[in-house]
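Take this structure, written in C-alpha cells, and hold onto it; I'll ask about it next.
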C-alpha cells in the first residue's frame, strides 16, 4: 500500500480571479471576439493559432462532417430528446455515441492506414503506387473493408471528396498522403474491376495526415463537428417532430406478427 | 389500432448521388472551404448565413464556452477514455452528459428568465429596472438560485462577461436583454447587500436573447462548444494522462476508513 | 487560494489483495452465488439484504421496468449499435439517456408528489381523500400533467398496475402511499369526467414510497432495469437488424420534398 | 432510388390494451412478482427461463460485475451527477460509456479468445493444454495483452475467480472452457516465469462460453450489472458527495505550474 502519488498536470488552461488563459492566450482579450470556433479548435488541438491555410482547410473538414441529414445519429438525438426534453445535452451525447467504426470513425481508420504505409517524417520516395497496391492487397487478403471507400448514395463520385481535394490543393495540403489515398483508389478500382467511391471520410483521413494530426484523435474532428449538426436537429425536432411517429410505426410493424399470429 | 401514419419531414438537408444540400446551400460548392464551422453552426440553427456582426458575436459565445480547464466534464471525458480508448466518441459523449443545470445549462435558465420578463417582440418600455427588481424579488421569495450569477473563482468580476458585453456593444447586440441582465445585477447587489458576479453564462444567456435564440436551445451552444474542448482534453490525456492517478488517489482515500477501521 | 482539502469518503465497498467487501459483506463468500442481482441492488441501495417480501416487491418493480418492446430507448440503442458495434456499452448508455421526464422518469414525479402530500414518518390521518383531491386540483390549476397517469395503449387499465398492487398486498406494502395514489386516480376521474389510466410508473412511484426510497433515486430503478432490456435488444439487433432499415425509410421520406420539390 | 422497403421485426415483446407479453410470457401474470430481475435478464437474452443452476450461475456473474468501489466509472457517474442532478439517467449512462477494452470489456476478449480456440459444438479432444499453449504463444508473439489476466490489487489470486469457479463446479458449468482458461493461466505462468492473476473478467469470460453466450454480447452482462452499482454511487453522492472535492483538487494541482510559473 506504499503507492507514491504521481503528479498530475494539464497544459491547456488555467483560471485566476481576474484572468483565464487557454493555450497561453488570454481568453477574454486575445480569443473571445477574435477567433472563430473552428480556429479555436485548431488552437486547442495543436497549441498554436492556425495560419490562413490551416484555418480554411480545418474548417472545411469540420463543415463537411457537421451535417448529413437524417442519419442514425440525428435520429438517436431526436428520440432521446423525445424522452428527456429537459436534458438536451444528453440527447446530443446519445447521438455522438454511435460515431464509431461504421460511420464517422472511418476517418480514423484511413489516417491509421496511411500513417502505417508512410510514417510521418519519412520521405515517400518514388513508390507511392507500390505502397497503394500493397495496401489494397493487404485488405483484400485479410478480407477487411478498405476504410474510406464506398457510399450508399454518392456514386461513383462523392462531391465532398472532390471539393476537399480542391481546397487542399489551394491551401497547399495536397501532399503525399493525399496522393497516396488517390493511388489507393486507383489500385482498388483495378483490383476490384469496378469504381469504388473514395468517400469524404477517406479524403478527410488523408488530409488529417497532411495536417499532422495523430490518427488516434482524427475521429474527434467528426465528433466535435457532428455536435453542431445534432443541436440543429434537436431544434427542428422541438418544433417539427418526427421521433414519436417513427417510434410508433416501428413498434407497430415490428411486433405485428406477435400481435396477430394468424396473419 | 386504426392509427393513421403522420408524415415526417426535415428541412435541414438532403443528398443526391452527385449533390448534398444543407439549408438550401450546395454543401461542397457553397459551404465547404467557404464557411468556418461557427458560421456553419449559425446557418444550421437559423437557416441563414450570419452577417459579419452575427458571426463575430456567435463565435465569441462559442469560444467562451469551449474550454475552462480541468472541469468535471473534462475529468469525465478523460476517465471514460481511460476505460475505452477505442471509443473516443463515447468519452466526449460522457463529458457532455453533465452539462446540466449546475454548469453550462444555466445559460438556458438566464435566457428563459429574461424572455419571461420581456417577451420577444414586445417593447421594453421605460421599466427595465422595475422588471429587474421583480426578477430578483421573485427568486428570493422562492428561495431559488438566480441563474447567471456567482462564480467560485472569478470575483467580483468575471472577465469573460466584460469582454462579451464589449463585443456585444461593437456588434450592436447590446440591447434590452443585455441591459436587463445588467439591471438584474445591480438590483441583486442592492438586495443581497454584496456584489454578485455576473458570470459568463449570465452574459451569454442575455446575448442569446438578443440574437433571437429560443431559450430551449441555448444550452445547445454550450454543448457544441464544449465538444471542441473535450476532444482537446482527450488528446492531452492520450500523451500526458491524469485519469488513472486521480482514480487511484480517490479510491485509496475514500475507502481508507473501511480498510483500516482502527485508524 | 488557501482552500483546505475536505476529506472524501465512500461506504460502499473496498478491496484488499485477497478480499472485496461490499456494504459490509464479503463479496465472494457472502454475495456471489448467494444473492440474485435484484437482491444485490437492494443491498447496494439500502445497505441491508432484503427480507423475502422486500425482495419479491423490489424485483417485481425491476421486472416491470426492464422491457417494453420497441420503445424509443430500444431504437436509440439499436441505432447506436449500428454505428459503433465495437462499443456495446455506448449503445446501452445512449438508450438510457432518454429515460427522462417523458417516460420512465415519471416514477420520480409520482414519488415526489406523494411524499410532498404525505411526508415520510408523518401519520396519514383520516384525510387521504382530501389530500388526493388537493393534488388533483393543484395540478389542474397549474395546468401540469399529473404524473403516473395516462397511457397510449393500456386503456382503461394498465395490467401491470393491477399486478403490482396485488403483489404489494401480498407483501404487505399496500400502505398509505398506495392508497393515496388510488384516491388520486378516483379524484382525477371525477375531476376530468373520464377514466384516466393509472399506469405502471404511477404504481411504482407509490410503492417506492412504501419501500422508503428517496424520490431523487426512484428514477434509478428504471435506469438499472432498462439496461437489462437494452442488452437484449442489442443482441437481437446483432442477428435480426432493423436500425438500418428504419434509418433509410426515415431519411427518404423526411427529405422527399427537398429532393423532388415539384411533387 | 427504387429501394424496396424490407420488413422489420422483433420477437422480444408486444403490447395490447390489456396485455403485455415478453418472450412469450404474460408479463404481469407470469413474470412480475415471479422472477427476480437476474432471471428476467436470462429470459431476455436466451428466450427461456433459467434452470436453478443457470439462475445461480448467471446471477453470480452479475453480482460479481455490479460493484467494485470507487472505480473510474463510479467517479464519472458522480461527476456527471454534480453537473446535472436533474438527469440521473445521464449520469448512469456516462458511467457506462467507459466499460470498454480496459476494464469490464475484457470479458468479451476472453470469450472471443476461448471460442476461437475451441469453437462451440466442437469436441475439445485431449489437447486443451496444447490449445492453451498456442493461445499464450500467440499473444506473446503479437505482443498483445492476454485478456482476463492481471490485477493491480488482487495478487496473486483474485478471490472472485476462486468463488466463481467454485459456483461453476457446483452448478455443473465447469466444462472445457473453464478448463481451457485454467490451462491458459498455467501456461502463461510458465511462459512469463511468474504468476499472473486470472482475474474475475477471465473467469466470467470462460463461464459465459459455458453458458453459450455469443462473445459479442458478453460485455453486456457487465454493462447491465454495473448500472446497478452506479445507481448506488449516485445515491451516496447525493448525501455524501465527493465529486466536487476531487474536481477542485485536480484543477488546482494540474494547473499550478501555469498559475505560478516561478515555482
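Every chain is named by a letter (A, B, C and D) in the order it is written, and numbering of its residues begins at 1.
The rule is simple: a residue touches a chain if its C-beta (ideal position, glycine included) is under 8 Å from a C-beta of that chain, and two chains touch if they have at least 3 such contacts.
Keep in mind that what you see is a predicted model, and the values were worked out from it rather than measured.
> Using the touch definition from the top, what's the fewest steps needed to get from chain B to chain D?
Tracing touching chains, the least step count from chain B to chain D comes to 1.
> Between chain pairs A-B and A-D, which one is joined by a greater number of C-beta pairs in contact?
Between A-D and A-B, contacts are more numerous in A-B.
> Once you find the CA centre of chain A and the CA centre of chain C, what distance in Å lies between them?
35
> How far is the middle of chain A from the middle of chain B, if each middle is the mean of its Cα atoms, in Å?
23
> Would you mind pulling out the distance in Å between where the CA atoms of chain A average out and where those of chain D do?
From the centre of chain A to the centre of chain D is 29 Å.
> Which residues of chain C are in contact with two or more other chains?
Each of 8-11, 13-16, 69-70, 84-87, 89-90, 93-94, 97-100, 104-105, 242, 246, 250, 254-255 in chain C touches at least two other chains.
> Answer with line, ring, star, complete or other to describe the graph linking chains that touch.
Per interface graph, the chains form a complete graph.
> Taking the touch rule as given, give the residues of chain D at its contact with chain A in the complex, in rising order.
Interface residues on the chain D side: 7-11, 13-16, 21, 84, 86-87, 89-90, 93-94, 97, 250, 253-255, 257-259.
> With touch defined as at the start, can you tell me which chain B residues reach chain D in the complex?
Where chain B meets chain D, its residues are 69-73, 75-76, 79-87, 90-91, 93-95, 97-105, 242-243, 246-247, 250-251, 254-255.
> In the complex, go through chain C and note every residue touching chain D.
Going through chain C, the ones touching chain D are 3, 5-6, 8-20, 22, 27-29, 31-33, 35-41, 44-45, 55-56, 59-60, 62-64, 66-70, 85, 87-90, 92-94, 96-100, 104-105, 153-155, 157, 159-160, 162-164, 166-167, 170, 214, 216-217, 219-225, 227-229, 231-236, 238, 240, 242, 245-246, 248-249, 252.
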